[in-house]
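Some structures to go through are shown next.
In what comes next, chain A is part of two complexes: it sits with chain B in the first one and with chain C in the second one.
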Partner chain A sequence: MSTLEVVDRRRPATGSQLARGLPGLLLLLAVVLVPLGRLLWLSVTDSGLGGSGGWVGLDHYAAVLGSSSWWTTIATTAVVTASLVLVQLLLALALAVALWHLSLLWWPARFLALVPAGVGLVVGAQAGRAAVDGGFLATWFGLGDAGPSTVLAGVVVGELWRTTGLVVVLVHVALSRVPTPLLDAALADGATPWQRWWRVVWPAVTPALAAIVVFRLLDSWRLLDGPLLVREPGSFRTTGSALVADNAFGAFATGPAAAAGVVLVLLALVLALLTLAVAKVVRAR
Partner chain B sequence: MTPTIPSVRSRLVAALVAFVLGFGLANLAIFTITGPDRVLVLAVAGVLVLTSAWGVLVADSPRPVSVWAVIGAEAFAIFTLVPMLWAVALATGDGTTPTSLWPQAWSGGGFADLADDGALRSAAGLSVSAALLATGVAALPALGLAALLVRTRWRPRHAVRTFAIAAALLPAVALAVGGGDLVLRLGGPFEDSALLRVALVQLAIAVPLTTWVFTAALASAPWNVVDAARVVGAGAVRVLVRVLLPTVGPALLVGLSLAAVVTAQDLALATSVTGPQATTLPVLLLDRARDPSSTALVAAAGICWAAPVAVLALVVPRTITRLLGGSYR
Partner chain C sequence: MCHSGHVTSRGRACVVAVTAGAIVMGSLASCAVGTSDADSGDPSTLRWYVQDAGSYAAIARACSDASEGAFRIELVEAPADPQERRTDLVQRLRTGDDLDLVGVDTSAIGELAAAELLAPVPGDLAGDLADGRTEPSVAAATVDGSLVAAPWWYEPQVLLHRGSVAERAGLDMTEAVTWDLLSAGASRVGGSVQVAGSTADWVRALVAGAADDPDLGVDALVSALDGPAGTAAASVVRTFAASSIGPGPSPDAAVTFAGPGGSFLVGPVSLVASDALAPVRAELRVAPYPLTSSTSTTSRSPLSGTALAVPASAADPETAFQAVTCLTAAPAQQTLVAATGHLPTLSDLLTSTAVAELVISPEVVASALADGAPEPAAPTTHLLEQAIDTTWAPLAAVGPDTPARSAAEARRLLDGGLS
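Up next, the complex of A and B:
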């Protein structure tokens, strides 16, 4: 047998294995599909405070999709998501590569990287907001009265701090899986550091990076706590999740909120599929 | 990775970059920053300038050390420690937003208020209990499903794993609108117990997440050893006790703990089924964080809330890394 042959030791599922897996599968489907089904139903009925509960068809969808404030919010969400993920990925890549070279520092670095993830989302957002709204960053750079955009940027910085460590760990794991013999062979062949990076390391870590980007995109897309914390009444400088939450649990306009929720989920799916398609193209090249 | 000797040019360029950064920070500290923060920023600038000098000294040496990597490690330390210091400054302040990064008051600030705040304690209790209940309910079924996905050639295994991951990453607010509405209509014990309502609605996070982490944990199990044990006549219990528990038991436990931590941090689902009389910690903290006078209390609660993750990261860092690494394979 060649050493490059991949052996799949999995066997066809036996009856007892299926029986052990079935409760989990049913539970998984139930806890996800039942709320989503209810969401769909609410989106086509006149539900919520003062509503009759009757069928309204696609009226809520028409109202959501025709609303300029909704699209302003989605644009804000897209900007927040894209900037957060891009900055985070570049930062995490640079920091993880540095720590990959200094393996002795990995143990304390990993601890420092993981701890911020335990700080609650609200607390990370509050720390970010406070830093730019009267806090040390405002004092250092003379920011003065922080407007809604500055405050939202502060919340995004708080989220960046909270989650970048986790991405550093994920990227470091991907880097440590690059086969050492390949790196040694490239070194023996006289490849420069850039050649080793682009021809050996990059192709090996691209699939992992694609997965990490999808995770982070979807996680940032649903950003809720921080935007809820800083949202001012009437302002649409917020995220889609915060707008849905405001409508559903603040104004009790369940029907329109449900329709907006369905659109938000569909947009998340489109985002994930687009990212995976782009990753496939990058990988193929 | 195999250590390599960077070129002299690379080290000198890195030293130059460290010097420029240090010089810029020192200027920022001298001309715009006042108070104790000035000393702090000057210290960071000093470290960068020293790194630059060291980079010049080792530029031509055969030591396999990258000056770029050292600058990166310093940047990492600044990036993680500065916000932590800021959180401590917020937590130890007098309630209002401090204007400097270096903590001005060490009076206990929000930590002292935490002990006296009954609402916060009961909210934390509800969060922890509901998350433990939801992950506890999810654990066994998820383990069976994860074993099916990892161990067999069951045809829809890829689709099911993708579904679990997608469900864990769905906008929780969408699940909250639908799930919360259903849970609030349930009568019986759910009507009176906030714990049951929160745990039930949080299953929407706990089940996909637990399935995901268990799949990652079981993927690294020594299945060839399990097969060998079976061949030499070991029964299911003996395989479980002698092989599976010692090898994947810790990973499963850590995975379950992480799933519980993430579930406890949920805001959207809990908001949909709780009210002012009984609520979870994230919901209460959001409410308090809107009040500027509660800044210290919220920051102190956040620091305490991070304790379980800090303990896990200290005690089982490798298991966490393996689980995170296995999560996207």
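Up next, the complex of A and C:
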């Protein structure tokens, strides 16, 4: 029988703690590094259909970065990601704040908010597409024949519908962690609702919001199912992930696809770091 | 079980028969047909990957029986969509999936051969497999001068029309009409022109028609797209789109044609035997593939088909080639026509009464085979097709600059650009 011990993170780990942590650490490294290493290896070798498997250096990267279709796709992905995350964050904030004030409704609301998240990506994308392509949204807003951008908007709508509920729940959790004494004190000091929001609530929830935004950014950045499903010949490609999938599993150009995948991962890292930096600035203000 | 996108009435009977047999044998996992394994030892099982597998159950069974216990053919259904089929097959062949025989679309032969995914045809067999076959079907299975697959079925596209609609539209169908006349005629009588087959097939045939050269390679097709032939092809497509006579290339073309208001259908000749057209079969007429423009003299129909190959990863290529020989021999070719309506590659059978009855107009088919535009048997054919499929759709967006754009896109892909 072992006794529970409190691990003090400020003190260096003891030998026995390391020994117990090591298998988990190794497993984690293997799970993350092996696929990543393989991706890197594929991106610098001639690994495609009929390829020799030999070393090609950075040729694939040059081909990817020098391709106009790559940059159009990245631009589209950026627009999709930005609009998705921004609209979603605003919607979720508004809904979560409303529900925060109506605490009685929270239980049924939480359940309802999470229902779409339980629906498959495929269903979300198809439903969104159906809504803009001759469906209820097309009727409401008088959309004509669905062009590629309308279909793309449909994918965004479907994804919004599917995941906003989850974000509402997360934002609500962040809001409910705002210390009540602080709010009470602000109230006692005669702060207006506006002041209470910006001076008390906002600083308390920014770290959580930053984490939520990073999570949603990365999730939208790798959006694949919807764009692949609703695509029709002639419509422009929608996301970087779809481009990787097309090249890897349609053209069997594994090398360029792997290089594109590596660049996508790097861009995702940059996005995440940028978001965290912005969050830091916002918090410091 | 055996599913198929394009099952013919006779093919469906086969599916039912095989299903019943499979239930009796208690083997529901796949369509297994063949001799009972009580014969001399265990026959080796050959897995045959082919689209519309249900229709070929009878052929597979006959060849299994004829092998006297050497092999037993088991059918594996391939996806109905050509693009899906190509990627699925490449994945299976690359990962060494347990396949012994594969039906390969003629458009994919060059690519698979270049990637060394197909077992080389034994030298002494190559002559036999090509002997007595129609010339374009052999050319489609020949890469760099050597046969890489056995020609199995190969057919042109034709213009089908119903009843007296052509007369009402003022079209003389005894000779090939131009696409523009067809569009105008159909539009005048409020009819439709349905297009079966891919956009790439259509555009390739239009370009070959305008260039009046059926046998263009990939590079020649790209150059032709960039010139007057491409302009002529775009003009046909724009007139078609402006006439509001149909959606253009569509997998639903045959069903729509057989429905109310259907009048013209451009598609593979085997469609006449399809289930989709069964309700209107009595009033079907066959005419040559339309001409690109009034200056074209010869109808250039898109030709395509399927050849049988043995994967490089096959466990026992010798037995597999034995099966290929049987599956492409005259008796199996006769069953093929009866079961699916696909045109056999044996020239002698093309003039047989069975084929003549089926295709309605053997002369049209014969000249289409002679003058038609085949898919280039090159490793890069699919890149050209991809470039055309993405740039010539949607039809309403096709403009004067579309041919140049598609040529540029094809060149980009051929240079190894990202797809």
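Everything below uses one rule, namely that the second predicted complex is superposed on the first by the 259 of 285 C-alpha atoms of A that agree within 3 Å, B and C clash if a C-alpha of one lies under 4 Å from a C-alpha of the other, contacts with A are read in each partner's own complex, and residues count from 1 in each chain.
The rule is short, and it goes like this: contacts are C-beta pairs under 8 Å (C-beta built on N, C-alpha and C of every residue); 3 or more make two chains touch, one makes a residue touch a chain.
All of these numbers come straight from a predicted model, not from anything done at the bench.
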- request: With the two complexes overlaid on their shared chain, look at chain A and say whether chain B and chain C clash or fit.
  value: fit
- request: Return first, second, both or neither, reflecting whether A:G50 touches chain B, chain C, both chains, or no partner chain.
  value: second
Task: For A:F249, decide between first (touching chain B), second (touching chain C), both and neither.
output: both
Query: Touching A:W197, do we find chain B (first), chain C (second), both, or neither?
result: neither
- request: In the overlay, answer first, second, both or neither for which of chain B and chain C A:W70 touches.
  value: second
Message: Under the stated touch criterion, which partner chain does A:R177 make contact with: chain B (first), chain C (second), both, or neither?
response: first
Chain touching more of chain A, residue-wise (chain B, chain C): B
- request: Please work out how little space separates the C-alpha atoms of chain B and chain C at their nearest point after superposition, in whole Å.
  value: 6
Statement: chain B and chain C footprints on chain A meet at residues 249
Contact footprint of chain A on chain B as seen in their complex: 1-2, 4, 6, 10, 28, 32-34, 37, 66, 68-73, 75-77, 79-81, 83-84, 86-87, 89-90, 97-101, 138, 140-149, 151-154, 160, 163-164, 166-167, 169-179, 181-182, 203-204, 207-208, 211, 223-224, 227, 261, 265, 267-268, 271-272, 281-282, 285-286, 289-290, 295, 298-299, 301-303, 305-310, 312-314, 317, 320-321, 324-325, 327-328
Task: Would you mind writing out the residues of chain A in touch with chain B in their complex?
output: 8-14, 17-18, 20-28, 31-32, 34-42, 47, 91, 94-95, 97-103, 105, 107, 109-127, 130-131, 133-136, 138-142, 158, 161, 164-166, 168-170, 172-178, 180, 183-184, 187, 193, 208, 211-212, 215, 218-219, 221-222, 224-225, 228-229, 240-241, 244-245, 248-249, 254, 257-258, 261-262, 264-265, 268-269, 272
Contacting residues of chain A [partner chain C, same complex]: 49-50, 63-64, 67, 69-70, 232-234, 243, 246-247, 249-253, 256, 260
- prompt: What residues on chain C touch chain A, complex-wise?
  reply: 83, 87, 90-91, 94, 111, 114-116, 199, 379, 383, 386, 389-394, 397, 412, 416-419
